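Quick heads-up: structures coming right below.
Both complexes shown next keep chain A, but they swap its partner, so chain B is in the first and chain C is in the second.
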Partner chain A sequence: MDLVSGLFEAITASSTYVNAALFAGLLIFAASGEWIAERSGTINISVEAMLLAGAFTSAAGYTATDSFPVGIICGVLGGMVVAGVQAEMSHRLTADQFVVGLTLNILILGLAGFLARVVDLTTKTAPRWTIPGLSRIPLFGDALFGHPWPFFLLFLVVPLAWWLVFRTRWGLEVRASGEDPQAGDVSGIDVNKRRRQAIYFAGFTAGLGGAFLIFVQVGRFDEGVVSGRGFIAIAAVIFGGWTLRGTIAGCFVFALALALRLQLPNYYEGVPTELLQAFPFLVTIFGMALFAHRVRAPAALARPFVRGLK
Partner chain B sequence: MSDAVSQGVKRQQRQVEWVGLYAASVAVALVASALLIQTTGGSSLAVFDALIEGSLTGTGRWGLTLGAAAPMLLVALGTIISARAGLVNIGQEGQLAIGAAFAVYISFRIDGPGPFNLVVLMVFGAIGGALWAGAAGALRFWRGVPEVLSTLLLVTVATQLTAYALGREWLLLAPDSVGARNNVSEQLAEDNRLPNLSVLGNQIPFAAFLAVVLALGLAFALARTTWGFRLRMLGKSPKAAQRAGISQTRFGMRAMLLSGAFAGLAGAVMFAGGGFQFSNFKFVPGFSGNIGWTGLLVALVAREKAIPAILVAFVFASLRTGSSFVGSTGVEARVTDVVEGLLVLALLIPPAVMFLRDRRRARLATTERT
Partner chain C sequence: MNADHSELTGVGADAASTPAVELRGVTKRFGAVTACDSVDLVLQRGKIHGILGENGAGKSTLMKILIGLVLPDEGSIHVDGQAHQIHDPLAASKLGIGMVHQHFSLVDALTVWENVALGEAGRLDPQAVQHRIGEIGEHYGLTIDPMARVGDLTAGLRQRVEIIKCLRRDPSIVIFDEPTSVLTPEESMTLFASFRDVVAAEGRAVVLVSHKLDEVIAATDEVTIMRQGKVVDEMITADADAPTLARAMVGRDVSLRGERAAFGLVNAAAADPADVGTSDDSTPGDPSSPAVLSIREASARSPQGITLLDGLSLDVHAGEILGIAGVEGNGQRPLGDLLSSLVTLSSGEVRVSGEIVSTKTPGAMASAGIGVIPEDRHDSGVVLDMTVAENLVLIDPARAANRGVLDRTRLVESAEQLIAEFDIQCAGPDAPMWSLSGGNQQRVVLARELSYEPKVLVGAQPTRGLDVGAIEYMTSRLRDAASDGVAVLLISSELEEVLDLADRVAVMFRGRIVGEMARDAVDVEQLSLLMGGAAV
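Presenting the complex of A and B:
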């Protein structure tokens, strides 16, 4: 079979879409919180650490209690602890946000790797729910409506993120902090507080994303379970031009690349494995190269706010 | 009290505060690490003893530590250049791997006298690293892609690219390793290796001298040359730089290339210098071994200053060389990664606290005057 027909087979297989939906789920959990953090003015590269911490703590929580809801709550807590360090250090103590984020990524990778060898984790995926009727749609039915149940939390988190940002006073203040912190400050908004809260929300959704990895996608913890998907989620936010709609579209595009990487070898074996491994990252880079200069970032993105300093 | 005296007192008080804050932060990080080791059933004292022995007091160990510190310092110097220009290059791990691969490729295809080969090899390493960082720079300046993200994503691509090259005989793979379980390159010929200097039973690698000389040179260039001044201006205030006729694209791109070149040079030095656990003059899977990440942390902890980076690189290299002795205490050697991360986090706190404190004092001083 040649490459073109192999690609065609892979694209028309419904299993590709099931995989893509799983990757998209992970990316959307991570990206919806990341999107709010970036609207508030922080490029939160510790989202990678939040995902990994969430995955580890949810696996630990499940091992201890054999309960999926407890596991998910532990995952959220894990994500929020990392968010706490990131938020307090970068927006209370004014340490550089990238430095803190990078350090957290390295620290959590080491910590999770160390603890995973010390503790025995036994986990599995949650029971599968299929939505009757909808899950029988050809090609996409299974992908969108038949998954272990924590998948469906996605349908709550995304509207929640949208509602918070566009329909609450808090969301308005978050956006003001990201666009013009000086103006926000003089009109009575505690800019750094809003930014911290936005990062906590990112920790909340990324923690859910970590639990998603364990209970929906993979089923067991491994220190390589995240391996750069957090960075792809950040890229999705940029790709989407800092709109929620675009961010989710970006998640789907990059998730399809991640899924094709898994599926293509079943149909066509001529592509070197290294190229396949790098493929989603190349797609991400090209995607950003095409779209990044056409969109407008929040004006104060990645600029720390200290009163009186511009 | 006269003004001069009171200022002297203030300066002294500030110095005490600095030292106190740093001491407290490091203590907290160490206590947290110790607690982690104790709660997971190890002995923290044994681990710290092993770290000291493995990095300093063991036979021939501090020479190895210097060998591990050299590439870390080189990476850190590159990071300092890009950071001074206001660019966040955090993909050194990938730039180092590509630089090393370039150096390996050329080293088996030239046949001159040893020193000549070494120079060519190091130049190629620098070129490789510069190309990889340059890709991120080009994306930043011509396509508007934030370099924070592109450099990170390119790390994964670099890892896969070097793995691909290592699997192909026409690129890096050694002919006699075809079909073997692990792909490795040929071994570098003895004439082409970086020399060591023997002192008190320790082998001090030439790379360590090179790195220190470059650090001193960079510190001078940043503080005392027009180039350094322009670079700092670009980083501190792009607007002022533009008014002064400093092209952000041209200067930023150069800073990016140079920053990658240092990481690539570090890769070449790791290959040709042997040093600590750097795979015995061969290119192997996972060659970069987190030296790029650690070098980046060195630059951040040294607060983007070249001379403090020398000391910080040595401390972080000690953690690296010490970790190979930790296994004998029954504690996972990965624990040193945790210690390293906690130390870095702790060391970020004092400058931030001092910054806030200085500002509060300044504000109080202005309100007193009015």
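Presenting the complex of A and C:
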């Protein structure tokens, strides 16, 4: 079989779409919170650490109680602990947000690897919910309507993110903080508090993302479960031009790339593994290169806010 | 306006003895600069209180102390007889203090109603906010589209939003920091005419910071005059006249024509062309010589499809000042932006000394020798986070750079020279730009553009927000530039300024030039008709 027909087979296999949906689910959890953090003015690179912490704590929570809801709540708490460090360090103590994020990513990776070795974790994926009838639609049925149940939390989180940002006063203040913190401050809003809260929300959704990894996608924890997906979520926000719709579209594009990478070797073995590994990231880079210059970032993105500096 | 006011009126009636605000011995130092030096200020309910002073006198700082943006080093603040520490704008707004800022407090990316709603508490109710904007607009003559994006608005309209945003919170104490520097004269007249009535009826206390004497005389009940951080005089407006106020403000007699025009002491309509002395002794350009700046049939649209320029043509010759008169919002800003390489033409061309200049390449206008003093110095004029020295070389880093590497010694040297030459008040070349008062930031822009020795100098509302001394200085600089052979284009919504400076006056209406006349031949009535869009 040659590359083209191999690709064709991969693209028409329904399991590609099941995998893509799983990857997309994870990316969307991470990216919807990341999107809010960026709208508030923070490039929250510790989303990677938040995912990993959430994955570990949800696995630990499930091991202790045998309960999926408890596991998910533990995952959220894990994500939010990392968010707490990021938020308080960068928007209360005015440490550099990238330095804090980078440190957290390294720290949590080491910690999770260590703990995974000393703690005995027993986990599995949650029971599947299949929506009868709909899940039998050819090609996309299983991808859309047949997953372990925590998958469907997505349908709560994405509308929640949208509603918060565009329909509440909080969201208005978050957007103002990301666009013009000085003007926001003069108007009487607490810019750094809004930014911290936006990071906590990112911790919340990334924590869910971590739980998703364990209970929906993979079934068990190891230190490599996240492996860069947090960064792809950041890329999706950029790819989407800091709009929620675009961000989700970005998640789907990158998820499809990740799924094709998994699927292609089943049909065609001629592509070197290294290249295959790199494929989703190449798509990410091309995607960003194509779209990044056409869109406008929040004007104060990555610029710390200090009172009186204007 | 709504039910709250009946209560306010009740307070106002018996509170004449307790001032709304009483500042005692308020002092604020910024390093070596004492911005406010034991200032006393008393604001009464039902009165409009004017504050006058030169650039850097400390007016804005004093107002920022009241609104909680700056904490005083010493002194006390009493609001309605109660001592208060005002730590942030939220605390001020709880005390009923609202401010219309000199430096915009609007977020460009948000719509008008979103900006108005920003910083309030409670559930977000877009319909209610939009409705209220309509009501306030009608009440004070400040109509505006609540769905427009603030970044797309002209400076005048943005100022309206700023005012509406303040009034929407129904403050009992209202602070205006140079609100009218970007409003048209009619707008500011309507605003303050309606204000005088409501202030008295609703028992509000109002502070008006301004450089315009006629406005202060027309709009206020009391005046406080500041010089170098100190209160130097206080008077009842009815007892004062413009020359008295001017003398108190500057500390000497004011007699110069330019200064008098700056103060609005000369009525443009009454001015006899022969009296407009100075422009006559400058050497007007020779109209038969080829134009240095020549714009032909220039048309441009905004990304939203709004027509910005509509077949505009004009010529400016070496050594002459061409004044563009017109009501704000008729394309003056796009014209300034075009010459700053910020607008791309859909048709038409721009030539400098006969050479076509691309409107697509960023920076092409500057390289072709066009210097611009921009309309909104906060938008395009300066970078507030950079130092004074860096801002001074912004346009031409080559001057302080060696093969792309900035030479600090040279940077600082040339900055120091310009600071001295243009009398910029700041702590030194390394002072951050945001620490300068509004008027001194404007001087930095002027210094930078002039030191670059342009062939064409564009002044877009160049004296906006400047004090008397600085206006005098700015106008004489523009005249000097013209007599040195620079082609000067002056875009101003202040007719007096145009008549005072220009050799030729062109009127702009809806993105094009609708009429042109030599200064000596100006008929003010005809000019006003043209500005209003009447075909002549």
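Note that in this section the second predicted complex is superposed on the first by the 309 of 310 C-alpha atoms of A that agree within 3 Å, B and C clash if a C-alpha of one lies under 4 Å from a C-alpha of the other, contacts with A are read in each partner's own complex, and residues count from 1 in each chain.
We take it that contacts are C-beta pairs under 8 Å (C-beta built on N, C-alpha and C of every residue); 3 or more make two chains touch, one makes a residue touch a chain.
What you see is a predicted model; the values in this text were computed from it and never measured.
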item: Touching partner for A:Pro132 - first (chain B), second (chain C), both, neither; value: neither
item: Which of chain B and chain C A:Ala176 touches, first, second, both or neither; value: second
item: Partner chain in contact with A:Ala299 - chain B first, chain C second, else both or neither; value: second
item: Touching partner for A:Gly224 - first (chain B), second (chain C), both, neither; value: neither
item: Touched partner set for A:Val186, first chain B, second chain C, both or neither; value: second
item: Dominant toucher of chain A (residue count), chain B or chain C; value: B
item: Partner chain(s) touched by A:Leu111 [first = chain B, second = chain C, both, neither]; value: first
item: Contacts on chain A seen with chain B and repeated with chain C across the two complexes; value: 308
item: List of chain C residues in touch with chain A within their complex; value: 69-70, 88-90, 93, 101, 103-110, 114-115, 117-124, 165, 384-385, 432, 434
item: Residue numbers on chain A that touch chain B, as the complex places them; value: 43, 45, 85, 89, 93-96, 98-100, 102-104, 106-111, 113-115, 117-118, 228, 231-232, 234-235, 238, 272, 274-275, 277-278, 281-282, 284-285, 288-290, 292-293, 302, 306, 308
item: Chain A contact footprint on chain B (complex, rising order); value: 36, 40-41, 88, 90, 139, 143-146, 148-150, 152-154, 156-157, 160-161, 163-164, 167, 293, 296-297, 300, 332, 334-335, 337-338, 340-342, 344-345, 348-349, 351-353, 355-356, 359
item: Touch list for chain A against partner chain C, complex; value: 167-169, 172-173, 175-176, 179-180, 182-190, 296, 298-299, 308-310
